[in-house]
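For clarity, chains are labelled A, B, C, D and E in written order, and residue numbers in each chain start from 1.
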Amino acid sequence: MNYAQFLTMQQELGVLAVFLIVFLFDTFCGKNSRSAVTPLAIVCFAAVTIYGFFCTGTGEAFGGMYVTSPVISCIKSILNLGALIVLIQAVPWINSEEGSVRRGEFYELLFVTLFGMYLMISARHFLLFIIGLESASLPLAAMVAFNKNKYESHEAAVKYMFTAIFSSAILMMGLSFVYALSNGSLYFADLAESIALGSNSVLLVTAIAFVIAGFGFKLSLVPFHLWTADVYQGAPTTVTSYLSVISKGSAAFAFLVVLAQVFGAVYSDIWEWMMYALIIATITIGNLFAIRQRNMKRFMAFSSVSQAGYIMLGIVAANVLGMTSMIFYILVYIFSNLGVFGVIQAIENKTGYVSMDDYRGLHKTNPWLSFAMTLAVFSLAGIPPFAGFFSKILIFTGATESGSVALYVLVLIALINTIISLYYYLLVVKAMWISPEEPVVPAFRSACTERFGLWICCAGIIFLGLISCIYGWIYGVSEIAATEGFFALLG
Amino acid sequence: MNLTMLMYLIPSLIMFACGVYGFITRKNLIAILISLELMLNSVDLNFVIFNRFLFPGQLEGMFFTLFAIGIAAAETALAIAIVINIYRSIKKIDVSEITKMKF
Amino acid sequence: MDLTLPILILAIPITMFLILGLFGMKMSHKLAGILGILGMGTTMVLAYTVAFDYFFSGNSLFISGSERLQHTVFDVTWLQFSPRLVVNFGFLLDPICAMMLVVITTISFFVHLYSWGYMEGEKGFQRFYAFLSLFSFSMLGLVVATNIFQMYIFWELVGVSSYLLIGFYYKTPSAVSASKKAFIVTRFADLGMLIGILVLSFYMPTFNFIELTAPGQPQAVLASTGGATFLGGSVLTWALVLIFTGGMGKSAMLPLHIWLPDAMEGPTPVSALIHAATMVVAGVYLVARMFPLYLMEYQALDFITFIGAITALYAAVVACTQVDIKRVLAFSTISQIAFMMVSLGVARPEIHEGLGYMASMFHLFTHAMFKALLFLGAGALIHAVHSNDYTAMGGLRKYMPITHWTFLIGCLAIAGIYPFSGFFSKDEMLSAMYGYSTFWGVWMTFVAGLTAFYMFRLYYLIFWWDENPHYKHHRPHDAPWQMSLPLIILAAVSCVAGFIPFGELITWNGEPYHIHIEWVKVAIPSLCTAVVAILLATVMYRKKNSLPDKAAAIWPGLWRAAHHRFYWDEIYMFITHKIIFNVICSSIAWFDRHIIDGTMDAFAKVTQKTSYTIRGMQSGSIQTYVWWYLMGAVALAAITCWAIL
Amino acid sequence: MILQNILIWFVIIPLIMLAGLALCKKMTQIRTVMVVCSVALLAIAGWLCVDFLAQRAAGNTAEMLYTGNWMWYAPLNIKLSVGVDGISVLMLMLSAVIVFAGTIASWKISPLPRNFFLWFALLSMGVFGFFITIDIFTMFMFYEVALIPMYLLIGVWGTGRKEYSAMKLTLMLMGGSAFLMLGLLGIYWHSGPSADGAAHTWNILEIAHNGAIEKGWQYFLFPMTFVGFGVLGAMFPFHTWSPDGHACAPTAVSMLHAGVLMKLGGYGCFRIAIYLLPQAANDLAWIFIILTGISIVYGAFSACVQTDLKYINAYSSVSHCGMVLFAILMLNTTAMTGAIMQMLSHGLMTALFFALIGMIYGRTHTRDIRKMGGLMQIMPYLGVCYMIAGFASLGLPGLSGFVAEMTIFFGSFQNADLFHRIFVIAATCSIVITAVYILRVVGKLLLGPVFDDHHRQLTDATWWERLSTITLIVCIAAIGCFPNWINETIQHSFLPIIENLKAAI
Amino acid sequence: MESIGNIILYFVVAVIIAVFSAMAVTTRKILRAATYLLFVLLGTAVVYFQLGYEFLGAVQIAVYAGGILVLFVFSILLTQHPADPASVLANHRKFVGGLAAVCAVALLGVAVCKFPLIDGMSLTEAVSIGDLNMKQIGHFLLSSEKFGYLLPFEAISVLLLACIIGGIAIARNK
């Protein structure tokens, strides 16, 4: 029994500590000081976030069940950063009548999900992985249902919860097959070994398909994405933004880990093609649905579906560049998406408008919000000089490295889809800047935390791409992972 | 006659199929949740069967099931909370009523 | 040779253009007019000096033995297409160039002077002088061109100045459309020329005239193409014919003549300058300039002859039926230029030592003088009665004596009556034609007769016939001195120009040619024809009578057709408007909007439609979601299994 | 130090412009910033021009001058590489002139002048950046930077069906760049090693000198890149964004777009598609010769029946820009030189056209030539300028269009086979059709009697309009009268490309 | 050779599981569905016992039958009148559901049947190899070595805590 091993899990412990602090404070403080939970949570979490950047060690604990490495710390830090922005942007909402009742619970649940995601990323054993995954999704369902007075919030929670359980059933069914193909161990390393030794069978294919489907739920890959739109629309906007970036980002990385470290040996035999199909379907269907949407949150849901497809390109690339680009993409995606959600939230909190039609002429009343929104959607659409351009082009570069024609075709399809996505992103811009009608949203001054959050997002959008050292840093840690054999199975 | 792995897997798969069928056809949210229980149970059973017949000397599947039961319990509890919640909101738990957000 | 004069000859007009064009609006009419006239006068003096120098100084640069040389005064690189193909901007002095300098500056100067009276008080007076200067510059640049590309450049500039001048009265729609027509038709012709130059320059990698016409060059071309032919003609023939197409356009040869009659919408001095004396002979000048090349390919020369002869007859016939006096003169110009073309076409070294060439140039010179005279006279008439139609005139000889007499001299000269200048040049041309083939000789003699007929028809209808009743309200009178002076001087020149020993100065190969008139074989018959024609005209038109109507009634179809200029305009209208515009352009535009653009829009529509169609997937019911979920997973597995196992 | 490279300033000045505009409040401040910066651009472009020629005259024969390399994304060996040859210098000059003229022409832009100039400055930054870079990554980046502000510029400040047009323009151009991007990725991965030892390079010069791209891949990549750039060059059948887009764009944007942005297409075509993929260029040029040949004639014919001034001009641009691509595909020095001259010429004269159309539209509030007439009497200055632009467009000697077209024709005719000949002759026919539609417009719009008596009250050009147009006219005439120095500069710059092509055969 | 008792037990349990699963998802009375589910869960527990995982069977009965099912019954009673039968299902709904179930089970069936070790060991052999007692289970559960489950054990406690908080958050009104 070596409990000192827990100390390897510095980031997890940090989040857990914040969770506990908030939990204890919320439980035991008096009624009057309840509102201090917000600054407490933010400050503590900011500290953890900063601390996270210094956790760069490589480590293994519990017999290889848990690992950490620079790249894992890196993705966790990125997620921390995103979660921090979410927290900052959430302040006005959480202080509102709506949220203040369960302020403490909100932070507690959020930190637990974050903890779950970290486990998911660091897990090298499927049991731990499943627990992480469930910790990441179950409390989220409670968060989705947070808007007591809004029916949509409940409906969203039902949809999220039921689909989540279904997907975990499917995933675990897949895992049971994986188990059948193993040598009795659910450790990734052992599984990879036995899969590499075994031959392709229906069981293996089915297992992989079901595992991918399980991830498909978290990542909203088509056709496992159908919950996304309803949940994004119904959930409180803060939760939606959290769901769309942090949850997705962590799942993407975990997916890469599972595919590369467990199923790496059958990359070109099995899952490469599955991923092609899914990526094409995801990007295309996501885009096709997005062009009709008028509700901003629903719109962003489909946008995030198609963005997930682009993120997946980094996985099929299955190399250092792909991994780096994927992490970078997630980072940029966090900033861009949170920029959009920040604006949506600011407007929704003040006025209750969420429809794109209500954004008409926004620049006349709220020029800075319009500006931030424009930057964010341009970044999402991949327009230079904003960060989204770099993340897209880098992920495409990574995807084409192997030089196979199929990947070129895949990238071409993805590229053509960027045009459709540009179309609907421009619809937002059009609503804000071009529509001649009188503005619906009155002029208002948004809360300073919201503004601060938006400033951070805008700064990220502008500078993440132009300043290449961030990419360089990610590349560095990815390369370390690669030298440690991250892609060894892929050959 | 030997009791082989397949013989044990068959009820498990039937359970899973029933779960799927129930999820897709039932209207009552609780009935759907029951169907989900069937599916989760079938998965648990699978793990145990595989463990017993393939790796009798090891315990991974058994432990997985052990934890999975715990997870399933948590899931169910939370799901029921949500169902009650929606019941309080619209006084119904008919899944065909819960389709306000679509397209 | 001193560079100052040649450079000034080009620089003064363009400077005038810039000064008048940029600052003219701020000047008074008088100042602008004086500036223009002074500028042109100076240019004229300079041009005379240069020409005199060239012909008579005996400078060894210009003459070696008896042979007159081509002298490149300067030649600077303007644009280098490739190391082999270089466009230069230069000044080539040779006999025809010197002559053209004289003709252009003289006529231009008189037109400048004349316009001072004619355009008095017109709005845009300064603009008019600016355009005149631009035109003079372009025309001078054209004639001094050292290479075919320079010529092409100025060719285009001449076209545009012509456009501007025809459209001078830009408020009148007819002037606008006439200018447009002139530009487009000549532009179309220039396309041919451009292609010709392209072909030529590909096989002979030079633009320079001296190099192009140097002995041995054409043979080199023919050798390099390996005798390649296209539709029966050699490469060189095609190049030359295409280049000649440009000349056809500018010189209003059939079938590209249609712009010239319409161009009479411009102010009359312009017609005199551009559409009688200078620009329209550019085609002739072009052929003359490249004559040694044309001599290599008789097919091309035959083509020129043929086109010229047909045009000459056609224009003469049409001229007999026109009402507008300027149109009559226009058709007469076409006919006369066609004469020059035919003369060039029949010029062969072996036939009277290339007489046709000399004769053509001679006629160019004399025609410029008397045709300018006629046009300026017509201008005076129009100035007096404010109408272009002879129906508004008649019996004017009493009111406008100066105009009457000078006009008569012009008519006699063009009719080829001895001793007016037209006789001499026409006689030389006819002898060249007879020397080539009797058929063309007779043909052209007949045309000469027609010329005399229609000119005198015009003369009588204007000055005799019947006095127009309007004169009582508005008594016509002779023009002011600025207008009369040019008339008188030009008339004087027309009288004596025939005695210039032209053959000594200008021949195709620079060797002098001694003019002698073939009285018996050529001169007498043509003189007789002219006299008969004049008599006929006298009978028919001297007094008001019904003979013309009767004559018209003999061949009513022919008369009507001739009156409508043989429906050329209608045919062109049909082709351009009905076919090109309505069928080709409109259908292309339709195709673009509906098919090409439609396809692009269809991509968008299909996307939208698909988006709408598949929305059922997102039905809002969890059960559908899960169904898709499960089926997706199953399908993923099944398809992969099917594909790889 | 990166700032010591003069080329970088072409990007920095627009950035200063952006920053300055962000701080401005009043219209006068905005104008000051814009004028100062655009004059500064003009000045450094002019200085660059002079210095470049001086260096060349001094015998500096390097392919690119003022080169600089700064590592950017080290893992992918992405560098910001800058450098210019004669062509880029001229294109920079052109851009500077048009940015200046466009700025002046939008003196009274409304509404939201600040936002207008913000996007305008971003657009200029893209354009300048595109011309100074010699690596395909940053080139592509600047290319896209230049594209996207168009959407807002047209959408917000445009007229007519602006929303539709702006969307169409943006989507089609982005569609092109999708193909382009794939092509560039392919080029990168097959580029061969970089000078500093990395396995792949984005640097154009290095790729060209490596010559490592296999033939099969060239066949795949050439159409991608050529079509990608060709869309921006309004190549048939991908040109339909142009009429709608131009018709709806505000004056300065039309100027900049038709004047400079469309040149990005042609520039990219030879700098990337042809220079880097010479074998495919040789073998596949015929396909695009057919398409561009169609563009030339088709655009001209379409222009003949349009009634909207901007549509006429847009189709005319299709025709003229088709000529650019057409000439580039002729793959010889003369024709390609002509293509560049045509770019310059078309850039200037189209900018002039659009400026004038904007000015006329600002007065008459219609662009339908059937509803106007006799404007020459009312606004003689604008009328004369319009005629000059028209003459430049139809190729009048002494103005730039003539020189360019002639160089193209004479160059193109050097290809002696029948296929090329037929298309060259078809292309030459366009000069007649051009004359037809130009004169048609001039006749209907400017000449003749005044159509609408309300127009009689209109005023002639204001001082800023005069300044803007005169700038352009002077450039047009300067190129038209003294083309040879430009010609030589361009020809010299084409040597490496031609050598690469020859080596490929 | 299995003992007869085992064989009979297997068949009884298999039939119970299959039949009650089917009935649980087809009955129109929701309370009955819950009861049938109980039988299925108990049947599963019996299988665990038969496979030699007594501890697991006990957990199954305790957690599922004892905990979850009670939760179900409560919620059913809370949300509707127990006697109300659900409305009759539309045929297409049955078809769609049936199709999905058949497809899924067909895929899984094929996958399982083609599995090479499917007929490997008989129950008796298998049970005889793996013999475990509670002490071992406890040891593994708290071991931090390989095949020790300390970390999942701790992690799931966080998960359960979060679910409690979540449940409270959802249920709490003011």
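The definition used in the following text is that a contact is a pair of C-beta atoms (placed from the backbone, for glycine too) under 8 Å apart; a residue touches a chain by one contact, two chains touch by 3 or more.
As the structure is a prediction and not an experimental result, all values here were calculated from the model.
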{"item": "Leaving out chain A, the still-touching groups", "value": "one piece"}
{"item": "Partner chains that chain C and chain E have in common", "value": "A, B"}
{"item": "Steps in the shortest chain-to-chain touch route ending at chain D and beginning at chain B", "value": "2"}
{"item": "Two chains sharing the most contacts, counting C-beta pairs only", "value": "B-E"}
{"item": "Most distant chain from chain E by Cα centroid", "value": "C"}
{"item": "Identity of the most central chain, Cα criterion", "value": "D"}
{"item": "Cα-centroid distance, chain B relative to chain C, in whole angstrom", "value": "96"}
{"item": "Whole-Å gap between the CA centroids of chain D and chain E", "value": "70"}
{"item": "Chain A-chain C separation of Cα centroids, rounded to whole Å", "value": "77"}
{"item": "Between chain B and chain E, centroid-to-centroid distance (C-alpha), Å", "value": "7"}
{"item": "Chain D: positions in contact with at least two other chains", "value": "171"}
{"item": "Junction residues of chain A - those touching two or more other chains", "value": "127, 131, 134, 138, 141-142, 145, 157-159, 162, 166, 173, 177, 180, 185, 201-202, 205-206, 229-230, 292, 423"}
{"item": "Multi-chain contact sites of chain C, meaning residues that touch two or more partners", "value": "604, 615, 618, 620, 622-623, 626-627, 630-631, 634, 637"}
{"item": "Interchain contacts, given as pairs of chains that touch", "value": "A-B, A-C, A-D, A-E, B-C, B-E, C-D, C-E"}
{"item": "Chain C to chain B touching residues, read off their complex", "value": "615, 618-623, 626-627, 630"}
{"item": "Chain D-touching residues of chain A, taken from the complex the two chains share", "value": "320-321, 324, 363, 378, 383-385, 389, 393-394, 396-397, 400-401, 403, 408, 411-412, 415-416, 418-419, 422-423, 426, 429-430, 433-434, 468, 471-472, 475"}
{"item": "Residue ranges of chain A in contact with chain E within the complex", "value": "1-3, 5, 16, 23, 61-66, 101-102, 105-106, 108-109, 112-113, 115-116, 119, 125, 127-128, 131-132, 134-135, 138-139, 141-143, 145-146, 148, 157, 173, 177, 180, 185, 187, 201-203, 205-207"}
{"item": "Contacting residues of chain B [partner chain C, same complex]", "value": "20, 23-25, 32, 95-96, 98-103"}
{"item": "Residues of chain C that touch chain A when the two form their complex", "value": "604, 607-608, 610-612, 614-615, 617-618, 620, 622, 624-626, 628-634, 636-637, 639-641, 643-645"}
